[in-house]
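One chain, chain A, links the two complexes that follow: it is found with chain B in the first and with chain C in the second.
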Partner chain A sequence: MQEAIIPNGGVPSRLRAFLLPWRAARITPLTELTQAARLVPPAAMVATQLALTYWLWHALYAGVRVSAGLDVAQATTYAMLGVLYQQFSTVDRWSNGDTMVQLMTEGTIAFWFLRPVSARRYYLIRAVGDIAYGGGLALVAYLACLGIGAIALPPSWPAAGAALITLVFGLAITYYLHLVLDLICFWSTVNDAAITAVQFATGLLSGAFAPLWFFPGWFRHVSAFLPFQTTLNVPLSLYVGRLPASALGIQLAVQAAWTAGFALFTWWLWRRAAARVTVLGG
Partner chain B sequence: MPMPAGTIVAENLTKVYRTVVRKPGAAGAVKALIRPDHTDKVAVGGVSLSVAQGELLALLGPNGAGKSTTIKMLCGILTPTAGTVEVNGIVPYRDRIANARRIGVVFGQRTQLWRDLPARTSLEVLRDIYGLTSADFSARIREFNRILELEEFWETRSRQLSLGQRVRCDLAAALLHDPPVVFLDEPTIGMDVVVKEQVREFLRDQVQRRGRSVLLTTHDMTEVARLAERVALIDHGRLVYDGKTAGLHDLAGVTWRVHVTVDGRPGATDVPGMRMTRAEGERLTFVPHQSADLTPRDAVRRLIEHLPVTDIRVEEPDLEDVVRAAFGAGR
Partner chain C sequence: MAQGTGRQVVRQVRGFFAAWRLVLRITAANLGGRLQYRGDFLTVLAMGLAWQTSVFVFVAVILTRFPGLGGWSASDVLLILAIRLLAHGVVVTVFNSLLLTPYIAQQGLIDFYLVRPMPVYRQVLLYQFPLNAMGDCFAAIVLFAVAITRLRLHWTPATVVYLAAAVTGGALLEGAVLTMVSILTFRRTIGMSVFMWFDRMIGTFGNYPFSILPLAARAALTYVFPVAFVAYLPAAVLTGRIASTGVPAWLAYASPAAGPLLYVGARYAWHRALRRYESGSG
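Here is the complex of A and B:
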């Protein structure tokens, strides 16, 4: 009589069972690469958007040397990196039928609860794969922009380090924001309005539409109490030197607090969601 | 005492859904939002069943009877409102991870493959998710390939597979980790007869040779007749029959018939324990009296003794008719 293969026989086996599921992170890159032609339109859009952003900010600075504490190189670099972040921090899975709301509507979300990797962990693995894939594309675009001199380097190594660390936390907070939206599907499969609202708020309040330093003081004051500015404004401000590297401690503390808060909230949401899976007609 | 691997035991399994009652019109919609009225719908009401190691049980019932809800509670997706369930000695909804390593599930109308990846890549992703070694994976695929012939199409993206090809891949995906218990919810729905037979052969092989326990829901009575020695009938969320497939005849009151051709028109057609139901010239049809404990073999002997028989044929009732009649009897 056969037995199930249960990888619990010793440390190597358990380690394999822990590590191997991370290979599911390659699902998005593999999916995208099987349809390489699909990469062309987004690439053309990003290139156009980057070029327009560059020309726009140079035109705005035509008669001004410094505005809102940023010179033309800082403002352009901030805005162009904002474009890259907005385009590549998430990957569109809609056309692959692989978004949470689609899986919920089709009922195939059930399989997330029938595998030896929890739904929460599987979601994380897939998101890490998406971020790595998007990050790779963003890095290529960043190096290209750097190569042609459209984007400036950080003013110092500490500034670069601080920007990188806060970018990691920024991505974590972005991940949690998307997770909250996706988990809404367990209560209502109509989450389009919420997604649109949060996408707009993220773009506006994170600095992706325009550097937050150009907004009125009251606006920046309000946004300081929201999680969005920690996702992008903080790393970009550190990158361009608008925030000194010495501000890293306080910024990290704020990001860590948001990350911890979201982690706890989504942990609770996952528990509630997993208890109310009512799919496939049952 | 913990249940051994390969067993399913459910006692008084119940699932009640609480839904909001919406009255028609805008006022009804607003009321449902502000002060909703709730109603309870019993999808499954106190179902008890068990499957032994290496057994195939067919769970039958009309649409909306509660089959799928039952299977979803057994495989751990849904949490029962009441009752107990153990699969391989594990409470499935409480320990989903441990349960997932020991069960395989196929929903005939849903796929667990990633639709833009080649089928083979989807299986490789599942290999990683289950933490299988490459050697185990290759051995399994070789085994499945023998009957399911996966290699013919497994470089094709899932969205481009035919239904039959897709379900064969889903079967392989469900059994990749060698689970002792398999749940199959209408696995052959919409398939052509050739692929259906291929899937049946695969299931027979998995039960008889590999000793897997299988709970199968289907509307295909040929499948039941060929695969299941035991069936459970569920209707309106309640179990109306659990026993041998052959025993369904007793519940339904549908029985075998004997068609005889006689030499000339006999003077009398009285045969002890039997009743004539049709006479067309020399062709007569008999059924056993309800009170008579008669086997088809006895009936043939008696008919030959009492009538000038030139030809005789015993007709077993069609399983579909039996099940239809059984649902009528169970209500």
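Here is the complex of A and C:
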């Protein structure tokens, strides 16, 4: 198949052949942007969520100057960035019939194993497209919030850099968590419960519901042993200055360990999953 | 003449009970279907419980960190949360399948529903057994028990009736919103996010006394998105804090009626919209 794509075997052709499958990354953005009406509800939703989050945290801090090591600007910034992360870290593929559980129940998962791109790579390409699309929207919302002064800037350039690096690793861990959930479908056909479980865990233990610093010590100790807090709490804590930029090394090591562990685990899962694809009972 | 009217009444009563028997049989069959995936069943059950408990934990954390929220004591805030969770438990039990209308419409199932001898709306409600309702309801009842043991309310028959009306009204209000949003699926492809918008808004902000919010936010959550009518206003009436709500006393007292009124309007809108339904198959 590769030979057919690369008639001369030259470097440009090889590069083109390598990049060609990445056109699939455009599927989600194109699907969303060609139905512009679908952009309105999420835009309205994120605007109301951000406004209410801003008001809520300012109201909570009305009689308090510092709580859990966070002042009002830090807590509000953390909570609002958490809203953006929750809103844009995943894209709703369900209404397009494009979730893993729908592919499994409708049998169209078979096409993933008939293409000249491996199923594992295709999944990665689609996920990168989703993250790029969601990230673009999140960036627009972030800049708008920054422009009106609702969100504060990081305390320093090193803090900003540390937050950005850990965010990249956080997104990688989120990607692997979703991949594990989707691969469960190869064994259980449905993954609704697992998705609910991880949504719950991600929302609560990552700090998306509320900054983890407000929770009791035992809760934070438990969450430190789980991957969820590395996805959001770490980058946001570095961003608002609750964690010093000097903590980057240790945080990065933890994130790298989780990423490597998940990469190995999902590599093994993909091999097992590909060997047991069941389409419509056959 | 009187005999004919009597027979007609008997026929209507029989028809009513026959319809309910059919609803129960379909529900039992749906439950049986969900029980086929036992792992999924147990996880959904546990997650419903964990999800609602996390809301309680979060509010407890906030109340500990920021005491005297808008002049409301912790037990009074717990009453808001208890009413909201009880109403939400009813919503999940009865109206949960409305969330699936994008999928139901996309699969062309509405076409089948239109030719069956049962109202389309009822068939949509019976589409799937809401497993998560069990966990949600259990958590809500436990929280309610905790709230009433801490509240120093003077319980009279009128108080109990008002509380029951508040929970029913809150559930119908949420049901009305879901019904109105589901109408959109008759003409367009919409995602789950539209449904989740109001759900998340109530889930995030419906647990606090709105007196902590600025006037604009309070007005928006009362008169534009009627979140205040779900739990905040009824709780203000029960705890004698109507003055702090900023709404006329008669409106606060009548707040449980908002749900039924909106629900009747939503059902009428559904009925009208169904006439203009456009099948997914053209």
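A few notes on this one:
We adopt the following convention: the second predicted complex is superposed on the first by the 271 of 282 C-alpha atoms of A that agree within 3 Å, B and C clash if a C-alpha of one lies under 4 Å from a C-alpha of the other, contacts with A are read in each partner's own complex, and residues count from 1 in each chain.
Here is the rule we go by: a residue touches a chain if its C-beta (ideal position, glycine included) is under 8 Å from a C-beta of that chain, and two chains touch if they have at least 3 such contacts.
From a predicted model like this one, the values you see are computed outputs, not experimental measurements.
In this overlay on chain A, chain B fits alongside chain C without clashing. Shared-chain residue A:G107: touches chain B; no touch with chain C. In the superposition on chain A, no contact is made by A:P244 with either chain B or chain C.
Look at A:F209: by the touch rule set out above, it reaches chain C but stays clear of chain B.
Contact with neither chain B nor chain C is seen for A:G69 once the two complexes are overlaid on the shared chain. Figure note: vertex chain A, arms to chain B and chain C, all at CA centres after fitting on chain A; angle 90 degrees, rounded to a multiple of 10. In the superposition on chain A, contact of A:P158 is made with neither chain B nor chain C.
Contact with chain B, but none with chain C, is seen for A:P116 once the two complexes are overlaid on the shared chain. Of the two partner chains, chain C is the only one that A:L60 touches; chain B does not reach it.
Applying the stated contact rule after C-alpha superposition, one finds that A:G135 touches neither chain B nor chain C.
In the superposition on chain A, A:I27 contacts chain B only, with no contact to chain C. Taking every C-alpha of chain B against every C-alpha of chain C after the fit on chain A, the minimum distance is 7 Å.
Residues 35, 96-97 of chain A lie in contact with chain B in one complex and with chain C in the other.
Chain contact summary for the complex, chain B toward chain A: residues 5-6, 15, 17, 43, 53-54, 68-69, 72, 75-79, 88, 96-98, 100-103, 105, 107, 110-112, 114-118, 121, 125-133, 136, 157, 177-180, 210-212.
The touching residues of chain A, counted against chain B in their complex, run 1-7, 13, 16-18, 20-24, 26-27, 30-31, 34-35, 96-98, 106-108, 110-111, 113-118, 122, 274-275, 277-282.
Remark: chain C residues 37, 39-44, 46-47, 50-51, 54, 57-58, 61-62, 65-66, 68-70, 102-103, 106, 132, 188-194, 196-197, 200-201, 204-205, 208, 212-214, 217, 221, 225 touch chain A in the complex.
Per the touch definition, chain A reaches chain C in the complex via residues 35, 37-38, 41-42, 44-45, 48-49, 51-53, 55-56, 59-64, 67-68, 92, 94-97, 188-190, 192-194, 196-197, 200, 203-204, 209-210, 214-216.
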